[in-house]
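Each remark here refers to the structure printed beneath this line.
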Amino acid sequence: MNEKNFKLVEGIISRSYVSQAQQASRQRENLLTELLAQRRLPEEGWDDYTIQCVLRDLSQMDSNNFIENVGVGDREARVYSSIVRDRHFGLAHGLGRSGDLLAEQPKAAGSSLISKLAHYLVKDILKTSGLTTVKSCLIVPMATTMTIALVLMSLRQKKPEARFVLFPRMDQKACFKSIYAAGLTPIVIPNVLQDDEIRTDLEELERVIAERGSDQILAVLSTTSCFAPRAPDRIIEIAIQCAKWDIGHVINNAYGLQSTRCSHLIVESSRLGRVDAFVQSTDKNLLVPVGGAIVAACSSQGESILREISQLYPGRASVSPLLDVFITALSMGSSGYKSLLRERKEMFEFCKNKMREVMEKYGEKVLDTPNNPFSMAVTLRNYCIEGSATHIGSKLFTRFVSGVRVVDGKSSKTINGVTFEGYESHIDRYPHPYFTISCTIGITKEDIEGFIERLDKDSQPN
Amino acid sequence: MNEKNFKLVEGIISRSYVSQAQQASRQRENLLTELLAQRRLPEEGWDDYTIQCVLRDLSQMDSNNFIENVGVGDREARVYSSIVRDRHFGLAHGLGRSGDLLAEQPKAAGSSLISKLAHYLVKDILKTSGLTTVKSCLIVPMATTMTIALVLMSLRQKKPEARFVLFPRMDQKACFKSIYAAGLTPIVIPNVLQDDEIRTDLEELERVIAERGSDQILAVLSTTSCFAPRAPDRIIEIAIQCAKWDIGHVINNAYGLQSTRCSHLIVESSRLGRVDAFVQSTDKNLLVPVGGAIVAACSSQGESILREISQLYPGRASVSPLLDVFITALSMGSSGYKSLLRERKEMFEFCKNKMREVMEKYGEKVLDTPNNPFSMAVTLRNYCIEGSATHIGSKLFTRFVSGVRVVDGKSSKTINGVTFEGYESHIDRYPHPYFTISCTIGITKEDIEGFIERLDKDSQPN
Amino acid sequence: MNEKNFKLVEGIISRSYVSQAQQASRQRENLLTELLAQRRLPEEGWDDYTIQCVLRDLSQMDSNNFIENVGVGDREARVYSSIVRDRHFGLAHGLGRSGDLLAEQPKAAGSSLISKLAHYLVKDILKTSGLTTVKSCLIVPMATTMTIALVLMSLRQKKPEARFVLFPRMDQKACFKSIYAAGLTPIVIPNVLQDDEIRTDLEELERVIAERGSDQILAVLSTTSCFAPRAPDRIIEIAIQCAKWDIGHVINNAYGLQSTRCSHLIVESSRLGRVDAFVQSTDKNLLVPVGGAIVAACSSQGESILREISQLYPGRASVSPLLDVFITALSMGSSGYKSLLRERKEMFEFCKNKMREVMEKYGEKVLDTPNNPFSMAVTLRNYCIEGSATHIGSKLFTRFVSGVRVVDGKSSKTINGVTFEGYESHIDRYPHPYFTISCTIGITKEDIEGFIERLDKDSQPN
Amino acid sequence: MNEKNFKLVEGIISRSYVSQAQQASRQRENLLTELLAQRRLPEEGWDDYTIQCVLRDLSQMDSNNFIENVGVGDREARVYSSIVRDRHFGLAHGLGRSGDLLAEQPKAAGSSLISKLAHYLVKDILKTSGLTTVKSCLIVPMATTMTIALVLMSLRQKKPEARFVLFPRMDQKACFKSIYAAGLTPIVIPNVLQDDEIRTDLEELERVIAERGSDQILAVLSTTSCFAPRAPDRIIEIAIQCAKWDIGHVINNAYGLQSTRCSHLIVESSRLGRVDAFVQSTDKNLLVPVGGAIVAACSSQGESILREISQLYPGRASVSPLLDVFITALSMGSSGYKSLLRERKEMFEFCKNKMREVMEKYGEKVLDTPNNPFSMAVTLRNYCIEGSATHIGSKLFTRFVSGVRVVDGKSSKTINGVTFEGYESHIDRYPHPYFTISCTIGITKEDIEGFIERLDKDSQPN
């Protein structure tokens, strides 16, 4: 309530109560003041009530919410359903303008402001995650892999003749397809096995570059977060190669933000070699619904790439994924986000120990994958469930465990004409079948205990 | 409530009241039954209450909402903020899977079902709009123009050597840029003036095709909905040419769904010539927040293009824009949507008459643009506001009128190296300055009267 | 958003957009300014968005919503469930203090303000309903009839020896019981039949007063709104008698606010005779959920009675019913409320005509009850449904028609020792059976047509 | 979703996903099944999502939410504002019928069911609080003290000649006034000082009974929860006296449910003597907004009194306070409620220790009040804040500490003609000034630490 209205209230109820209320009201307003002035994560997360107040304040700045507004344009952000209007807090104009995702909209000062603030908050989140040298970031309302396609398309504009993208093998369809979506051709670089762990074959990578010629190669698309027994790619060494050969380097850091180790690898890669941009999912890292990605860069060169990407997306985009991030960042605060990161790490260790304990009873081994901070894999030599080893994923799913993947290494798959032997293994032939799981942000002790219990129940050595 | 629970309730309150309530509960369930069985718009729109009940029922089908679910995958749709969770009704898994926007998600039966149903409803909406021969449609959670880029990228996969897209001039930046976003090169086809109206130059179009060679040309990108005095493109004739020369044809039908005349043009174009796909905005046509587009096709060939487009988008996408469409379609119902279409048409006539009445006082003329069913333009020879003719748009904006565009035809603009003389005129030199407005779906009598009043107030002949 | 925050926003997005938004934000704030300054119904109803903003602003004034608040009292308005907190907009301290419903609460300036404003708005609603001379009103979070008991208890404090309340017969249990709830003894005054209509027997009333002695009689409890063929009591004449004999007069105006004719009767009664207070339901008149009543008075004496009533209720009361009234009053606005009154009247006439049309087919008559503006009754001589006349109420209820009451005049009922012959007839013996219905505020043409149709369907002359 | 609809869904998405979802949907339905079958607190609290689903299911059972309903009665539960409708989940018919708060409503099976279930849950809560022998309870949508008045009015119906209520002095205005609200006359029984603690004077009580004669005395109104240094009344001994003299006994157990010690006292009082009913607040004990009270009894006789009370309230009452209790009980579950009780007890000890630690620095003493489990009092001999001892309550309030009461024992107050010396001390003359605070359910460590810190800051010995 503004000063004038508070004054009028004093004519209705006792001045001293009003003055107390006014002071309290200012304290809440000061949270917004701090956000606008400092433009970073609040130390403590805001309560839902404050967030809702601020969202209402900001959405009031969009013209479709002006009480006197009349609209005679082609796009006036009229919303038919009150369910829809309410769920978007009256924000309807979307993001960006005239082919620039970051451009302000004259009709939507509130949405524009939310976009700016969300970008500040996300930059702070990236730093908190260990990406201390991050220069710039861009929130894109598209899937991580579609965003990777956009990054590649942007790179291509500078090196239009280069058709190839080198792809250290990572058996995920969407990521592989993003290269085609950008109108480019992938060259898969097979991995190598080091003890239990699957790692990037740097020699093969360099060999292919030399063979094809660096002017034919647009970029390397490397990966950090992945399922064990694959390890994150050796991105520092890749970055050094890319710098050496003047080749682009895009890192798929899908859910890597959750681990300061991944962040450290990216910082070092950017410092010692070339990283054009790295892309991460909003849903997997920030606990929002699927729908957005964050492109970021640690170099000044990367900064200009981000600007280009924002100008490559023609038209207005949904503000919804960015809004989820904005709300969540304010709700977490810096300390809340740090707790989540710490807890995830603890849960990973907790899970690994529990897993060892239980699966050794069945003569199984938790594979030794020291470089993968998210995921663990367990051999499937004896263990089975309801008489089947290969179907334990679906069996567990009917017991309401989601996320277990069984890999027998025997199937092959062809995507856009490229055949992957031992699909899902990230390598043609892995020594044994296994199942793999992940401990990602937000996982709880109850999740892990519930999983281990259902894993153990009714199961027997084969 | 299920039968068993109703039975138990009979032990607590009188059987006859319970039986009445159970019957009423079934009536509401029957609305869903009808939707699932008939898969088209309900005749009458559903009340918000029913919609919310159904959304809850469907979101309960997603694994993250199962009460016994434990998740050990990389993506478990955990949502941190309850504000965020509530605004998405607990739907968090997004759309699509493994690089197919239409693929079902095992973890998200509810979201998958909403997606299927939304597609059925949108197809019915298209038919109701007059697109009676529509074969297939695809809801894409991206801007209209980004979606056009996706369509062009999809076409290019079949004709990889064709680099050019013919673009009958339409001065909207995002649309023009969509061609670049697809990695292609536009060739602008200048328009011609016919009396007051700006129209497609079909001869020039054919001349360019012949000159460049049809194998160099991927597609024509034509436009239906646009600002007067430009008329919708002559898409029937363009379609015939495209068929003749075996060139793709994509129609930007941005807000064309609102006019059965546009729909008729598309139906005829598809019947007599070639139309690969036409793209429209969800926000402009269906009164939802910015964020989505609909690609549709009337031909079997188009149907297969749509499938390819859905497989071109790698990764999972936000379900949010599609959800808005789903809610809105159920809320409108067939009769509600028809009323909106009818009222828009009436308002367009009402506005044109009012405009003539008022602006003739200032010696201005409402331009004669019989082919544009959305927009009208008024000369600016004498009329000015606060002493300025060119700034009447911004002046009116400060009076809370949004959407008025003043075009003086004197500015030129260069986008991606291409220069447009008389930018915003759609033609190098239009005889006089004018302003242009639109009457789009959802516009009310109050909007028009409010606009006319503020237009008239404080203004004077120059 | 406050000035300081708007200033900071100018460092983030363009000043001109911010300034426009600030101006629009002020327009919305001005609605509240107007309410605080004028303290009456807004001419036009507020949109839901504005109402929600204001509710948030006001609830921020309660100490439990202060972000820095710590509480060490016995009542700190902590709320466990966020569902509960949200549905009350964070308002948790209730109404009143130390045995005064109207007292301000130091911990709850916001709730106190809402209470004051709601009282201003309700006073304005009463005036709009035709109660032009109303002096004072009190919103009580209890049933109408419990509130009547409270009024009687309050009157008794001034005339402690008077034990009797005269009650012109009105066959509604709760109302009759309210006399007992106040610890008093009713004397039922039988009605008389005038043509089809049942009316107050003024002579019998005066006879009883004379017989018992006016010092034994605390008050007359009269009724305006009731089911046809009973008419509103002759309250003007009763008021004159009460003045003459120095007896209290309380009017049960349950749903009488909907008819300016009832209001007129009350105004005249207050002018020409004695009316201590009149009581009406919030739910029946203002379309809110059941839970509150309004006591009002047109005389200065009544004003002081209202103060006493507010001090008679010990303890804090639920703010919830008052909050519903506050929201609804702002949402209706003066013009919205007037429309509702007008439409109800039109619907009453519409229904009566339709009813005549249909029921005459069955040889039935709409009873001639010119003094009842809400309700109508129809004879049941031939008409029956599924072979039964007496059960048409329950039959229609299973066809989802609620509110039809069949009165066969044959049953008698004993309440607290008093026997009513021909219970529900308001008279011992009504000439024929009939059914009675009401057209109350908010009724729609669809209601009436739906009712008439189901009444007509499958029915036949007996 | 019902079986039929799930079947239809199988025609749209894969059967195996549907079957999984159906199974999960049943798990949620089973929570309701369990509630309906067992009619007690769930062991674990329900998540908000489940509660909202159940509320929707139940509100669908009320006729105003039937989609085909047409209403022609005087009360059709139409709700004007969608804000209002939504906040009550569409429940609008209120509680009770024809002067019985517990009666089922034909038009509102859902509301009726909620009422029944809420009563079962509250009974279970009472048991969990230690009231193991509770026979019956009644949730009343009125203030605790108004409810006490209702209980007294109900008792009076059986002993109409008894005018007096004995009231062991408790300096709270609303409670004292409740006796007058019931039309009765209080006789205050002064307390005695035992060391630091203020206790019931049993001898004086018996003396007054003997003096007045037990047939003149309707009841004793005793108190459990109160501010230190007053202790809970000696209710066991009072109950024995009441049994001996055949006098009613009503216990004001305002916030006593929070302490198993109070519950134990009530159980023993009921076992060894006479307790007609005990009354407690819903807001103070169950963390809901102000608005309701619970009357309960451990004896069969009490059970019949409760039935009478429910029939004494004429008319329909707001369901809102009961609904808050229903939601909160489901949200807490048995284990959640037990945790709250345990934590409160711990916080009380924590606070007492902290208080001693800090206030001894100022030479103050935490008074020795071993019988009061909620509240503690601290002498004010030296401590002052901003130069004032008497105003530390208001000073702390401006520092956002609510609930501190300073008692200097010097003021006297006259209520309804009765003068209390040393008002707020519960005794004419307490040896020293003090302040008193409470640790009630929901209090957190942050509250206590925040309070102690602000108490200590800027303060100095006098």
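In order of appearance the chains are A, B, C and D, and numbering begins at 1 in each one.
Assume a residue touches a chain if its C-beta (ideal position, glycine included) is under 8 Å from a C-beta of that chain, and two chains touch if they have at least 3 such contacts.
Note that the coordinates shown come from a computational prediction; the quantities given were computed from them, not determined experimentally.
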Most distant chain from chain A by Cα centroid: C
Chain pair showing more contacts of the two, A-D and B-D: B-D
Distance between the centres, which are taken as Cα means, of chain D and chain C, whole angstrom: 29
Centroid spacing, where centroids are CA-atom means, of chain A and chain D in whole angstrom: 48
Rounded Å distance between chain B and chain D, as computed from the means of their C-alpha atoms: 56
Touching two or more other chains - residue numbers and ranges from chain C: 20, 24, 48, 52, 63, 66, 68-69, 82, 106, 397, 400
In the complex with chain C, residue positions of chain B that touch it: 20, 23-24, 82, 397-398, 400
Interface residues, chain A side, partner chain C - complex: 1-2, 4-5, 8-9, 11-14, 17-18, 20-21, 24-25, 27-29, 31-33, 36-37, 39, 47-50, 52-53, 56-58, 60-63, 65-69, 82, 90, 104, 106, 109-110, 112-113, 116-117
Contact set on chain B toward chain A in their complex: 48, 51-52, 63, 66, 68-84, 87-88, 91-95, 98-99, 106-107, 141-146, 148-149, 153, 156, 173-175, 177-178, 180-183, 225, 227, 254-255, 281, 283-284, 286-292, 311-321, 324, 327-328, 331-332, 340, 351, 374-375, 397, 400-405, 437-443, 446-448, 450-451, 454
